[in-house]
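Both complexes below contain chain A, partnered by chain B and then by chain C.
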Partner chain A sequence: MRSIMMKNAVLIVASAIALTSVLRGEEKITVKGSDTMVILAQRWAEKYMSAHPDVVIQVTGGGSGTGISALINGTTDICNASRPIKPSERDKLKTRYGSLGVEIKSARDGLSVYVNEQSPVKELSLQQLKDIYTSKTTNWKDVGGPDEKIILYGRENNSGTYVYFKDNVLLGDDYSSSMQSMPGTAAVVNAVAKDKWGIGYGGAAYGKGIREVKVKKDEGSPAYAPTLENIKSGNYPISRFLYLYVKNRPTGALKQYIDWILNDEGQKIVSEVGYFPIR
Partner chain B sequence: MTKYLLLAMGILCLVMPAVAQQQEPATKEELAEIKGMVDGINESAAEYRVYVDALRKIKISGYMQPQFRYTDLVNTSFLVGTFSGGTFPANTKNLFQVRRGRIKVNYDNNLTQFVIQIDAIQTGFTTKDAYLSIVEPWTKSVGLQMGIFNRPFGYEIEYSSSNRESPERSRFTQTLFPGERELGAKLFYAPQMGPLTMFRADVGLFNGSGPTANEYDNFKEVIGHLVYQLPFEQANAELDMGVSGYFGAVRNNTKFLYKAGDLPSGAKGFIADSTASNLNDGVGRTYVGFDAQFYYDVPSVGGAILRGEYVFGKQPGTSSTSVSASAQPATPIYQREFAGWYVYYIQNIGSKEQIVVKYDVFDPNTKISSSQFMNTNASGASGLAATDIKYSTIGFGLIHHWDDNVKFVLYYELVKNEKLTNITDTSSPLFPYAGDVNDSVLTFRMQCRF
Partner chain C sequence: MLTAKASEPSVRSKVDKTEAEGVRLPALSTKSFANPVHPGSPVRRFIKADLAKRFRLDEFLAEKLITLVAFISLATIVMIFVFVFREAAPIFSGKSVVEATTTQTEPMETYGDEYVGKSGGAANSQNQNFISVETAGAEGKASLSNLLSTTWQPVSSQPKYGIVPLVVGSLKVTLLAILFAAPIAVLAALFTSSFAPKWAKEILKPAIEVLAGFPSVVIGFFTLVTLATLLQDFFGYQFRLNAFVGGAAMSLAVIPIVYTVAEDALAAVPRYMSEASLALGATKWQTAFFVTLPAATPGVFAALLLGFGRAFGETMIVLMATGNAALLSLNFLEPVRTISATIGAEMAEVVFGDTHYTVLYFLGAILFVFTFTLNVVAEVFVRQRLLKRFRGG
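Moving on, here comes the complex of A and B:
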């Protein structure tokens, strides 16, 4: 008798919660895309939902390319991307929705280059990085290190970080076939942390447990670390924006959320996670 | 009591390391075993990765368009619906059909592509695309494509039927470019990076006989299209503009060549040129086209698209048809000067609904107006025929995107022909066109794409 009453009570309470949600008119916002931004996006979502209990924000990664495809297919409201949208992707968005999409710069990131803590290499030029990742340079001794083979770690091709590094460091050349593709920046960091002769790249926020090398534009230039000051001044050669893309001009709950991301509260979270505010 | 406690603690301190040492070898062995298993899994994963990377290059996609069509006119004496999804069989006002059933296999090796696409519908299978494409590795902007693929002319030809808002292409596109595709080769320029990404150019050499027929004369067609994209990013708008050219010829199998002009009676009709050198000569097939698309995100409503195209030129046909031939015409060539254009307006309502309005005009013979069709003309060697009649079509459509794979289309086409008011002879095959033929078509289509 008592257990039946308990079950009934649970059912009544659950129904009441569901009904309350419906009556309250919960807004749901879906966010998909960049793995570089997924921790940041989750922190934004958690903070925003705690202040706006009528909004449910669902965040998943999958890579910038996956996010942009989801935007084109209509299965996400916001796409996080660590690279600009490509002309061919914009054409698909244009064809389907009659809109170029709306690009919002939400944060800055310095693309870090990681080596193992035990590696003696402290700085590399852009040309050296290009030569390493295209396997023109295969031994650490050619860049001031010991006589050891360079082990390459990178990202998979649906990653905005992969595309950004290829466009801006490799200048469009293909990655070496020996590069091991990892599913996220955390996996790259983990691999380099365990491989004494490994090298990897990724967002600055993930640079824990390994050492970031300083990067210089060319042999004659000074090398800079990926700090806020160096990124803002343009001295650090590999810096980028982290983007939000939406299909159309945002309105309603979507606009309120994006405005919040761009204001002081959202940008404070950017700094806390390890990226750099947009202003 | 304290002494005994201290003694017990001392004994424990001595015993515990010994016990731990006894445990260490077992733990080390287990760790070594686990490390070996992990290394083995990593090796297997690396091996499988090679296969997965190879399989990822193969992309299979497709779409299917089952539909229901309805027309008011029962097909008795002439064709209905030919340009609205296919001719209705005799005595049929409504029918179900699979308009398109496409399967496309694309092997994408980054700079190399291999594409095969077939169409499977109730009447059988046909090849739609079969081509190879390579892009140079330096700028990755210039490429060569060879095989069966869309003619690089205008906008509507290359715009996929799975994306297109109206069920069918415009009348002039279906007349001039039946099947859309052609056998040939083209060079294309399509930069993905750098300051010239707003340009795109295609130029190629083609047979001119259509996608599924062999070449039937020695005349090749040069087809080209140049596009410029002008974004207005602050306004979330863009204007894309293109210009196209088609320069080819169709071999004349006879010495007779007909062009529109004044007959000895003073009426308008086709004048025969019977110069001997006409035999085996190429009769010019030349088109010039302009296309433009304007995209604008209407605030709080959704994206809007205004799209238009205008084409004019000279089309070699026969006495009874202007449709481009897929086989050598055995009868004399009739060369007609034509003009055609369309305008689309598409309004997205949110992300799932679309409203479409389209106006499409095709004048297959700009030298002849409706009042110049006379009773004395009869289809034949010097006469005007139904193929010379100008048509305008206005279409209204509603589209609902059920999800990212499925959409529903409801579309009504009001088809209007120019009225041949001077045709009063009821025995004339053109008499039905004295008024507007009631050949409008309603289409309800379901599309699934993957």
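Moving on, here comes the complex of A and C:
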């Protein structure tokens, strides 16, 4: 008897907790998508929720591909993406919702290429990066390093960073099969930090134990590091926008949140996390 | 006057005594111990209708409820089968490449552009480098030749769904895991059942079963951060995350399963066998290896099959520890990509109904059928061979 009463009590308490959020009339915003942006999105959400206690924001990662799929499947309000949405994905959005989606630029990022701290390689050109990641170049000595095999690390194929790198550096070619797919930028950094002859790529905000390689557009140009000035001026060759995608023009609580992100407060957090503000 | 009957001497004497004391009893000649007659109760014959079950509501309900629950369990298994195969079915009908239609020409609606600073920068590099090559979102044909190819690049302008490297990767890691786990687990089981004193048995068995409670994500994480570096420093191979590391980590998860089932099988060997062997002069280890272990072979084999099934479907450990590169090679010091890790990493990103989605479900169906078959064979094997053997079959 007592155990049955206990179980009933637990059920009632649990449903009461679940109901309070509904009854209190809280605004719920779901944010899913890019792992590159997940820390940034969490900081935004925390700061915003502390200033606006009537809004509840739920942030998940999973990769830009996951976020865009969630937008198409209807399981998220805002999708974080570190790559632009593709026409076929817009098609699918149109078939389901009749709208083509709205793109919002929320931050700038320089796609960094990492090597281990102990590696002597300091500069790479875009063509060299392409050859390395399609396994045309397999030894460090061909790009100015010692005679060791290059170990490739990259992201999983649900990642916007994966797709962006493929589009802009590999120019559409396939990655080498020997590229090891890590579940997030932090995992790539961890892997390269532990591997003397590893190379990896990812968003600018994650580097520890590794060194960012200076990238040059071609053999003749000077090499640039992914710093704020270089990215803003366009000298760093692989820089990109970090996007937010929503289904329709934002209204209500969603609009307030997005406006807050695009304003000074949100952009200050962007700089704190390590990315670059949009202005 | 009651006549003495040879078949009921003790009753007879009792009646005689009570007759002598003057108590009247009913005649006993037609009754037996099956129909005891209590003093004072109406005498009645036992009839067939008494065997019919009386209807009791609570018993009826309890029975039906238990049957319903059993059916729900069976129905769940059947429904899982049905759903997995239904989602994987479009692969056989074949899908053609979907061309992007109208939206390619329509410009993207933007919001918040007034906040974006003017810069020669990122916008330009975007325009220069951005190739409108349809990388993500392109649908490929999941034809048989595509499925049997050796490249797995589903996110690409020409999606490649070659599942061969994934299947080979799964098999590599599983075989390595069994190779490490089987000797350790079977020998531990043998030790526990044949050699260990009782106090040691009581510590060992629960301790190894605690290892079964380790969440696999913890094992995977520990491998990724610590074990992989240790093994690389010790052996000095090239790739830090490879099938060898994945197999070593997986064996930590497989050992408890193999141990538990093998130990049960070894303990179930009848004692007369080992005692007979010892009586004939064999030493303890001779008995263990040449009498007990062969006698428990069906059970140990079932244990290995269960361990194999577990290792084949394990996801988190391989997702973190094997490097996830879809390479097709027999070298176990190279990274691999298993079926389970592929499904785990990619299922979240696919749009429902995509070709990629269908191929992932197809992989899931393969995984499901394989482990299901293994478990059924292990179960049937144990039941039929083992039980029959010990009933004297």
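Definition applied: the second predicted complex is superposed on the first by the 255 of 279 C-alpha atoms of A that agree within 3 Å, B and C clash if a C-alpha of one lies under 4 Å from a C-alpha of the other, contacts with A are read in each partner's own complex, and residues count from 1 in each chain.
Just so it is clear, a contact is a pair of C-beta atoms (placed from the backbone, for glycine too) under 8 Å apart; a residue touches a chain by one contact, two chains touch by 3 or more.
Remember, predicted model here, so these are calculated numbers, not experimental data.
**Q** With everything superposed onto chain A, say whether chain B and chain C fit together or clash.
**A** The answer is clash.
**Q** Between chain B (first) and chain C (second), which, if any, makes contact with A:163: first, second, both or neither?
**A** So A:163 only meets chain C here.
**Q** Which of the two partners, first being chain B and second being chain C, lies in contact with A:74: first, second, both, or neither?
**A** In the superposition, A:74 touches chain B alone.
**Q** Just to be sure I read the superposition right, which of the two partners does A:249 touch: chain B = first, chain C = second, or both, or neither?
**A** both
**Q** Could you say whether A:145 touches chain B, chain C, both of them, or neither, answering first, second, both or neither?
**A** neither
**Q** Between chain B and chain C, pick out the one touching the greater number of residues of chain A.
**A** Tallying touched residues of chain A, the top partner is C.
**Q** Just chain B (first), just chain C (second), both, or neither: which does A:105 touch?
**A** Touch status of A:105: second partner only.
**Q** Of the two partner chains, chain B (first) and chain C (second), which one does A:233 touch, if any: first, second, both, or neither?
**A** After superposing on A, A:233 lies in contact with chain C but is clear of chain B.
**Q** Look at A:94 in the shared chain and tell me whether it touches chain B only, chain C only, both, or neither; answer first, second, both or neither.
**A** both
**Q** Quick one: is A:191 in contact with chain B, with chain C, with both, or with neither? Answer first, second, both or neither.
**A** second
**Q** Taking the options 38-46, 74-82 or 128-136, which segment of chain C carries the C-alpha atoms that clash with chain B in the overlay?
**A** 128-136
**Q** Which chain A residues lie in the overlap of the chain B contact set and the chain C contact set?
**A** After superposing on chain A, chain A residues 73, 86-88, 94, 100, 102, 167, 172, 174, 249 contact both chain B and chain C.
**Q** Mind listing the chain B positions that touch chain A in their complex?
**A** My answer: residues 110, 140, 159, 163, 192-193, 197, 231, 233, 236-238, 295-297, 299-300, 302-305, 346-348, 351-352, 401, 403-404.
**Q** Quick one: which bits of chain C touch chain A in the complex? Just the residue numbers, please.
**A** Touch residues, chain C against chain A: 98, 100-104, 106, 108-113, 115-117, 119-126, 129-139, 151-157, 160, 165, 224-225, 228-229, 238-241, 319-320, 323-328, 334-335, 337, 345-346, 348-352.
**Q** Tell me, which parts of chain A touch chain C in their complex?
**A** Counting only chain A, the residues touching chain C are 62-63, 65-66, 69, 72-73, 83-92, 94, 100-106, 108, 149, 151, 156-158, 162-163, 166-168, 171-172, 174-175, 177-183, 187, 190-191, 194-195, 198, 231-241, 246, 249-250, 258-259, 262-263, 277-279.
**Q** Would you tell me which residues of chain A are touching chain B in their complex?
**A** 73-75, 86-88, 94-100, 102, 167, 172, 174, 247-249, 251
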